[in-house]
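A, B, C and D label the chains in the order they appear, each numbered from 1.
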Amino acid sequence: MNFGSDNASGVHPAIMQALHAANEGTAPSYGRDALTRAAVDRVREVFAAPAAEVFMLGTGTGANALALAQFCPPWGRIFCHRTAHIETSESGAPAFAAGGAQLALIDGADGRIAPDSLRARLTDYPQEDEHDGRNAVLSLTNATEWGTVYAPAAVAALAGIAHDGGLALHMDGARFANAVAATGATPAALTHASGVDVLSLGGTKGGCLALEAVVIFDPARAGDFLFRRMRAGHLWSKHRFLAAQMLAWLDDDLWLGLARHANAMAAGLHAQIRQAGHELIQPVEANEIFLRLPRSEIARLRAAGLRAADWPTPGDDTDRGTIRLVTSWATTDAEIEALAALL
Amino acid sequence: MNFGSDNASGVHPAIMQALHAANEGTAPSYGRDALTRAAVDRVREVFAAPAAEVFMLGTGTGANALALAQFCPPWGRIFCHRTAHIETSESGAPAFAAGGAQLALIDGADGRIAPDSLRARLTDYPQEDEHDGRNAVLSLTNATEWGTVYAPAAVAALAGIAHDGGLALHMDGARFANAVAATGATPAALTHASGVDVLSLGGTKGGCLALEAVVIFDPARAGDFLFRRMRAGHLWSKHRFLAAQMLAWLDDDLWLGLARHANAMAAGLHAQIRQAGHELIQPVEANEIFLRLPRSEIARLRAAGLRAADWPTPGDDTDRGTIRLVTSWATTDAEIEALAALL
Amino acid sequence: MNFGSDNASGVHPAIMQALHAANEGTAPSYGRDALTRAAVDRVREVFAAPAAEVFMLGTGTGANALALAQFCPPWGRIFCHRTAHIETSESGAPAFAAGGAQLALIDGADGRIAPDSLRARLTDYPQEDEHDGRNAVLSLTNATEWGTVYAPAAVAALAGIAHDGGLALHMDGARFANAVAATGATPAALTHASGVDVLSLGGTKGGCLALEAVVIFDPARAGDFLFRRMRAGHLWSKHRFLAAQMLAWLDDDLWLGLARHANAMAAGLHAQIRQAGHELIQPVEANEIFLRLPRSEIARLRAAGLRAADWPTPGDDTDRGTIRLVTSWATTDAEIEALAALL
Amino acid sequence: MNFGSDNASGVHPAIMQALHAANEGTAPSYGRDALTRAAVDRVREVFAAPAAEVFMLGTGTGANALALAQFCPPWGRIFCHRTAHIETSESGAPAFAAGGAQLALIDGADGRIAPDSLRARLTDYPQEDEHDGRNAVLSLTNATEWGTVYAPAAVAALAGIAHDGGLALHMDGARFANAVAATGATPAALTHASGVDVLSLGGTKGGCLALEAVVIFDPARAGDFLFRRMRAGHLWSKHRFLAAQMLAWLDDDLWLGLARHANAMAAGLHAQIRQAGHELIQPVEANEIFLRLPRSEIARLRAAGLRAADWPTPGDDTDRGTIRLVTSWATTDAEIEALAALL
């Protein structure tokens, strides 16, 4: 019963098989190979974005940091939710990549930023002169760090405010597949058609070995990104093995099938938890569940084999704590049932 | 006949098999898994360096840049050969990682730095006061960019000068296995026993999919390296798949066997080329050959299927140019014979 | 009636005179001159800190950024009040100087950070592993951006929490003289004796032309600061003209006399404002007054010659806005009376 | 007899007087004052560049670093002479300001870069792909570090090569006034009319207290420079005191008069040295003389009161060393005669 994180899961067999298949003979290195060209084209197709620039790399923090740096000057400011991964878990990667940029945090229920909150936060930096720095990017995480999602209309509302304020819109899509599966929206609808300028598209949590992509929808804004990736050490030499993952992951909508599975597992568990009367911290919309339990109960579950992260949350006290349960493409019915039985 | 680069080759079957074997069930992410611990221990064992700190990541540029930054302050200077990869091919990665550090280039025959050249170059920056910046690191590439090697005594001679001048000694070991194979020295003799403080150990060119390691021999100098790697986006979430490569690569000296093979292929080709009377630019000691030929001959070879990089070199003229031939773990006798027949 | 900022005032005659006096003959450049040595010694004396390292430069943002960078690694976090100058008005200077460090903002009444607020904010970054970045520095502004002060006991309470959490304590003393004057504490009591590790000592607002200093109380923590200042371009070549300002400013406690004057002018104006029944946003403890007035009244005052900055503050509405009035060493009784008469 | 450096001299009385005159009443801070507007206009006039953007600050290293960063991406390369101040004496400031840019050094007699040398050096970085980084800027120093000058035709020749290669042209004009005086060219002819894109205009060595300016001739390329200066801490709050220096320095061609004086002093000393038969390292064209003497003679001169920097130069040996003599606006005939008498 490992609900610790979706990156505790392994690699989907079809993707592993694709790595094997790509391992034939020689291929040009550094992304000049045919598989890379095919993978880029496939991403464009899936996103209905024939002109988009697509850059693959191996880590989500790398993808976020480089994507943000592309749209944020060193004296720029990136607005994001207070619980965004770029704030809590990347050790300052965006600031490093962007040469010193700052994050401006926004509160919001359920891991989401509300339009009014964004509007209000923007007024904190009125852009009168050079003392203020530049308001540069809004970064949304979809699905959010709290397992909720933004539907296209919500993205578009925030995009409107962002663009009016001169900000580019970045989407941290470490769990973008889960968001697509949850909303039923097309990849296009959830990104460029709703105003997203640049997407960190995450494959690793969704069943790949190590695969992320930065997708810049307007190619005019992708200038020198190759240099940015190179000097950050994020250009793979045997690049075909990134491309092979991408092709297999997108093939026949495998990526969405796996995300639907993860979401369904979470929904099933969610139903069991509600039935058991336990306290849920917030809505369950994708593949994460936040559950408040007596600490003794948490200890009992762990003793019985549960793996789940502690997730300290306002409202916890000495008796009751919060844990996070994450399902993945590899979660099984048996695991759900085993946990439900324990609960 | 692809002699373009050793990173045009694929992944050795044993390493691919190890990726498969590692893909069982769940594992803690971010390097907290058992395979990672085992791989770190294995590196320590191979290097006879039980206290060394070992950090794995996916790219050689990432490894070099982070290794250098660990030993070089933002106002520091890194001495290296004029043809070092960190100077010619990493788009400023060391300066980025180290917050602005500068490279100080040194000339030297056959891709090597001579002790006197290092001594002379150090006097260019006399360290009188803060205008001068700090002389911080000497970076040696072994095997060099020109397919030659430093034996332990050569490393030790340079290490002595470096350490006397207050510099740490970094070794760019993208082809370290080839250097070990060529010199017959132990990994320990070629590194810490000769004064190397930090090694970028390259597995990718040697048969892995994407695997490099930063090895810091004195753990007291490894402080906060985890943060450095994290914020550069070089911490893999499914870290077991780096570790699995390392274990398979080192297992039963596979890494050295593959390197010996690559070196032997180069030696065989070298013999044929000498026999044919062609002009070799310099000694062939590892897995690279630099060959000057009439440009018409180069065109003929390429038309016949040869892949090799142009390598403009002083002495080239309108009639004659230089090409680089790189052998790898995957180069076959048949390829050597085919090329020899053409020559 | 210019109450726009204390840096709208000019240079005190004694300091201008000192610049003249220093302009005799030649002097070693870059701080190797006798005046600089004397000024450093004088700062040590005034702060009762004989071992402190003292570095002069020309701007407050430079002083803050370099001071913070000295104590904050690139992956570090600087805790400060939400209204701190380093957050609102330096365009990311600390992040730039520190190679990517982040600010973590803390709310607090009257521009001050309360101990409990600091404790709570620290728990947001639990320092479990490298994802979290390093909690590195607490930066207090004294006098604060809201014209209030921290007394030694308040500094010490925060210093205790900071040091327990592994943070260094920085004090932004752009208006440090005003804080000394307001609290009656000695410079030592308000800094190192209360746990301050590094002070940005501001002379410019206090009557100098361009003079700030970074004072590092423990010389063991000042390593390589000279390099840091140099490569940031903050080492003056004709350094004697920084030193001359410092000597004149500190001479015979001129700096405190000027600060007392500024504070007294604010106190006098404050009394008049209270008498007139206007709304003060918060206590007046140093040389700044924040005043909420009908917008029509603000317009009337400006038409009559008042210079003061708009200072949008929660509680403002369409009818009433807030302005900031700053007094300086050069503010005259006549100006106070003129404004009082208008009010 | 202080010939140590032109920044060992003090401030010209007219400039000191201007500081006094500017110290009347209050003035808007941060460059929003009338004196600043006037100074900017005056620079435009002097350079016959009505659209140029002009940014003042206090140090030459600051000016160089920010000017270069404005034209060089973080993955860019700055070509300069091996003895350029930005290489030898700024502790990595350009790399810091530009977020990691690298210097590419060029040899050249008499401190000058020859067109062929520039052409050859550019071929070292063929700009094939992102591994190479971007060739971004050529930086010329005029007058050079060796007291020689580039005439407009020489600048234009190098500018042509630079621009053809996609490089911007920066001029380090710490001693620009001396170059104008030496060549007799107009400021315009020596800069934008010859292809200079950005100038670091140095006033400090030329008689100011602390005044440099970055002049960007095409305002379309000055975007966000204000932010760059701000976050580097190089925006003075009492900005009128920069402007006052500039106005006085340019007034009635004072700056050129002072430079002519310095150059004439050097020429006079040069004549005496030649007459005495001493070895001059190279031509004397501006205000610096490089002289090789027996070391015993150097010791004798110093004992007699000479101040001059040791300047180790190829050709020195155990018996003979090189010293640098710099004249300034403040050098007197008496000093020249005294030194000549000693020689």
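Methods note: contacts are C-beta pairs under 8 Å (C-beta built on N, C-alpha and C of every residue); 3 or more make two chains touch, one makes a residue touch a chain.
The model shown is predicted, which means the values in this text are computed figures rather than measured ones.
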Distance-maximising chain from subunit A - centres being C-alpha averages: D
Comparison of A-B and B-C by number of C-beta pairs in contact, larger one: A-B
Cα-centroid distance, subunit A relative to subunit B, in whole angstrom: 34
Separation of mean Cα positions, subunit D and subunit B [Å, integer]: 41
Subunit B and subunit C, separation of their C-alpha mean positions in angstrom: 50
Of all residues in subunit B, the ones touching two or more other chains: 74-75, 90-92, 96, 99-100, 130-131, 133, 227, 230-231, 235
Subunit A residues touching subunit B - in the complex, by the definition given at the top: 2, 4-5, 7-11, 16, 19-20, 22-29, 57-66, 90-93, 96-97, 204-205, 209-210, 227, 230-238, 241, 307, 330
Of subunit B, residues touching subunit D in the complex: 74-77, 88-92, 95-96, 99-103, 105, 123, 126, 130-133, 312
Partner subunit C, residues of subunit B touching it in the complex: 30, 73-75, 99-100, 129-131, 133-134, 224, 226-231, 235
